[in-house]
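Below, chain A partners chain B and then partners chain C, in two separate complexes.
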Partner chain A sequence: MDLNIGQRRKRVLEESVDVHFKDIRKAFGDVEVLKGINLEIRRGEFFSLLGPSGCGKTTLLRILAGFEFADSGAVLLRGQDVAPLPPNQRSVNTVFQNYALFPHMTVADNVAFGLRMRKVPSAEVKTKVQNALEMVEISAFAERRPAQLSGGQRQRVALARAIVNEPQVLLLDEPLSALDRKLRVNLQVELMRLQARLGLTFIFVTHDQEEALTMSDRMAVMNKGVIEQLGGVQEMYERPANAFVAKFLGSSNLLEGTVCGEARVKTQLGELMVNDFLPAIGQDVLLSIRPEKIQLSRTQLSQQNTVAVSVTDDIYQGATGAYRVRTNSQLELEVNTMNGGVQDSDFAIEDELFAHLPANLIVVLAGSTRLDQIGEVH
Partner chain B sequence: MGLATFWIGFLLVTALLFAVWFFAMRRSQVRKASVGLSFTSFLAFAFLYAPILVVAIMSFNNSRFKLEWVGFTTKWYAKIFGDESVVGGLEGAQLLSATQNTLILAIISTIISTIIGALLGYGLHRYRFPGSRLTAWLMYIPVVTPDIVMAISLLLLYQVVRNFLPFFEPGMPAMVIAHVTFQIAFVAIVVRSRLATLDPALEEAARDLYASPLETVQHVVFPLALPGVMAGALLAFTLSIDDFVISFFTSGPESQTLPILIYASVKRGITPDINALSTIIVVLTMIGVFLSQILQRNQKN
Partner chain C sequence: MTKIKKPKLEAAGGELLTPIQLLSRAAVTAGPGIVWIALFLVLPMLILFGYSFLSRDELGNAAAPFTADNYVRFAGWDVLGYDAAYLFIVGRTILVSLVTTLLCVIIAYPLAFFIAGHEPRVRDRLMIFVIVPSWVNLVIRTYAWMIMFNPSSPITQLAASMGIVQPNEGLYPSDFAVYVGMVNVFLPFIVLPLYSAVERIDWSQLEAAQDLYATKTQAFIRVLVPQTLPGLTAGIILTAIPALGMFVIPDLLGGAKVALIGNSIAQQFGASRDYPFGAAISFLVMGLTLLVLWLYARRVGEKGMRDLL
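Let's turn to the complex of A and B:
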């Protein structure tokens, strides 16, 4: 009886998975771009694939769309293996990086293309196109050619052209990267609203960590063909699994150390209290703390986890301030403060301060424990 | 009219033409053209068009043999279109059939070579297959091979094949095949370079939006490649009309083209009615090129 319920629950859970990548491997010549990707994307979620260029995220998307074939592994779309289906028979639609609008067609014809190819009756095509154009607020441009539109307007057309087909999954390949910052932020908000309204599964590929953090429910950080970490946005920012995620997703101060007692780690800053789970005494660990979690003060507020530092760089950024501070042991730390916040945050170069690293905000990273083994992260 | 008068007149006309050219360039360019650039381009165009201009002028010259200007006349044109037209010692019926042959040859070979050449251009653009690079390279051989070499090789080939296929007897079918042979390369090169300017994501977008491979070509690739296909067809057509050497080697007694006929008559000396005929051909070609330009411009907007 119990087993039965268990099985039923499991099936319901499985059914709510929209896309399932099973051990996907792919190589171009000698270069392995995907090294066994396992990933489940749930129905109706806004999922981001985040990583530096060349990490394999676009290839993964193209395998799902049908433009590339995996060397091994399977892609299930709502439980069905899509391997035998050509791109035109998959219920996924793509918003391309440079929009790929058909230059010889009007906006309305661009949006109608998918419906016409599926032989939808023309009256229905008309209303659906109209609705889609209204949804992205470009009805006024229906009879224009793509060449007569601005970048942001083209982006909306590309979006309308994809969603009008009501696909099971919408794939977005860095769709905002060609736009200027202000427009990008506006479109981010609109995309999120649209996604919530349509209840569609969005898979969003980007190399912009801010974009991924802003928009996604969950995300996977990819690097060199593997998934470094997978999870909810907040969880991944607050608790990065390894040095790559810590540095790629936002920025982090990394500290080498050795466990020297119960919740104690010996580092270049001296002995630090760490609340995070630690390995056995004597083991090496790599610690991470976000720049905005470090508290700077002129007077020593606490005995614990506090070091004397001097300011080396003062970077004014408007709403936030960024400081580089140096300890007596010549270790450099990055610290961010809010401008005009509660704490005293107006420091100058060569000010002698105290930096406090709260024990509950220090994260123990998995993987390599030595800084010199971590490559540059871009 | 002495020699001095001629030279003064010549220099005055040239100076006037250059002045017109120079101011036209100054006005039409976004970045104003310098005197040097205007002059160089003027010279280039002058070299290209001066011979044609001389032919056109001489076709209105009221003199049967002399190369100097005697007086204005349209009688050479009247002669071509007259009832008992004899041009360059050729009968009107001969001329008419040669014109027909030229046009039939040009139209049929252009249609065939445009279809095959466009497909070749698309295939080389779209697919990588064993030997695709070699094919792309081989495509340039008909372009760079001298006409005479091409003509002789075709002649030899035809002599061999003729033993099995009567199709290759000297005459229209053999000429069509010969023209298609060199036209394909030109069409394929023009179409391929047009396709290379298109975003490869466009085809993927069409496939993503439920178009089959055939529908993708029909609705996206072909309409976008059309200016290239048209340009290629026009080039092929012009090359065919223009061709003398290859036609000469493959034609039969019933399939004389205009260039062959003109060549035969010119051997007996250039007559003004040949000038008139040449001028008509040039004007017709110019109208054709002009129309295709307008077509392409409309398509762009």
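Let's turn to the complex of A and C:
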């Protein structure tokens, strides 16, 4: 049953909860790394924990694996509290960031380690190891040592070593971060296929928003020990909850404004129509619009939400073009276009253009409404 | 050095050289070392080897005729009949060497893990405590132990009050004192290679093993210990072999009661003035050592030996 990625995305997720974090708190000395995490991860989903380094995502994973202990709160694995269980009695397996392969063992012995520790009969070990190695397409290297493998091959071994045990939940701690881009993208797709085939719950920790967007069914964006937003990937990208998510997940143009009428917000760009739900008239709001949603044109295509701009930067990126444009009120906007070979999407510095911000694509953010109160992202 | 297809030219340091040029360069760099070793190691050894086949004249000097009597005498056949005394000495020497090595391993193993478990800065300081004592001259250190173990020292009095030794009796000369002295000398030789093996271990493997259903003990035995074996082997070889030839410590702390092969050799070249027999014992011990090393090398292969060195 080889599901392709699209089918997998549409697959109705089982609603049963596999992992339940209940109000997890953890401090290292005076530094609070987890400030009350509540999170449910469903059975069979590809779930990503996304956040900048130091946000607590790895600590959360290590608490689930049993390498750290929460100061308070509980972790339930299929309804069972795992607190009293040492790591070797938890039905979760981890793919470590540095792979942590055993250098003195062959690939096959590395993969067989978990089975042997659980005293699986040796004939069964042999077939299971073979199957796991085939699944990650590395059977040819079974008798090699980890030192004789490339980074991508080691990654596959680490993966085989974990999945051969058929755990309830597979934990992946930034497993692709040490690989070069091309290999990373290939392995992303393979990981997704593998997950769909095995039907395992994957919890994937990453700081790479593109990776999280590509691979996950749902994800949680974490920052400074709290979950900023939790949801499906599309929902998270299209409707970021606050400025942090808007900035961390892709990039966004943020606009300060004040509600001045029915679906109308007064901003530095003038009055904008906003279809999103707005607070009462007179309230301050922070608006967000993705760079690729802004339409640039040489002639004014629409009266609504359109401002005159001039191009200040033209960044050629191959498949896409990135522009920085400046309005008369000296506000800078980021705009992305597709390099489709259309003449009207190819602009040069100092071109005088019109930028259209579609009313239905402007998102009203929760949280702080002032730009200067938002910390630097990354 | 990579060989290239063109005949008679070899690439060395980015240049192409003829065999003569290559040889002359090798002579400049490796030459002095080779001369040194030939002059001060190989040549004396050959002379000594020659001595081991000589007899003694009336004055006790080494002289003709050539004979294998020295080796026969070592094996136990003497003019007075068969006496395996020297074989017993060899046996005892091997035992002392093995016990010393074992004691060193027992102490060094936890010590290496203890040191490697600290931050790099602290590690270096702890290593100083292991290394610096070995800079003190062996004889001076041994005399220090004699002072520590004499009847009036606090340590001995403590032992006496606990009934371990008779009052007014020293802790030396005794086997105990010999082992203390030996372990003191050889501990760094095991700690250093072991530590460098332990230090290289990626500790996340321990977590990985536990993640894969191993208990802490299993993780230690199955994952950590095998990775310390090369260091441990190096340490054992560095300890067991010199311990075979050690004579200062057994002589001073053992009170010459416990004769080891090293003492016997020293005696032949000293008091007994029997150079040929001394030379014969030396070569037999050396042969024994090389035999063990050869057996080891055959087992681990060329790569294993290189790892060791």
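Keep this in mind: the second predicted complex is superposed on the first by the 360 of 378 C-alpha atoms of A that agree within 3 Å, B and C clash if a C-alpha of one lies under 4 Å from a C-alpha of the other, contacts with A are read in each partner's own complex, and residues count from 1 in each chain.
The rule is short, and it goes like this: contacts are C-beta pairs under 8 Å (C-beta built on N, C-alpha and C of every residue); 3 or more make two chains touch, one makes a residue touch a chain.
Keep in mind that what you see is a predicted model, and the values were worked out from it rather than measured.
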Chain C versus chain B on the shared chain A, clash or fit after superposition: clash
First, second, both or neither for A:N336, with chain B first and chain C second: neither
Touching partner for A:Q195 - first (chain B), second (chain C), both, neither: neither
Contacts of A:S252 with chain B and chain C, given as first, second, both or neither: neither
Which of chain B and chain C A:F96 touches, first, second, both or neither: both
Clash-bearing segment of chain B relative to chain C, given 19-27, 37-45 or 127-135: 19-27
Residues of chain A contacting chain B in one complex and chain C in the other: 65-67, 86-89, 92-94, 96, 98, 100-104, 113-114, 117-118, 161, 165
Complex contact set, residues of chain A against chain B: 65-67, 86-89, 92-94, 96-98, 100-104, 113-114, 117-118, 161, 165
Partner chain A, residues of chain B touching it in the complex: 199, 201-202, 204-212, 215, 219-220, 223-224, 299
Chain C to chain A touching residues, read off their complex: 202, 204-205, 207-215, 218, 222-223, 226-227
Residues of chain A touching chain C in the complex: 65-67, 86-89, 92-94, 96, 98, 100-104, 113-114, 117-118, 161, 165
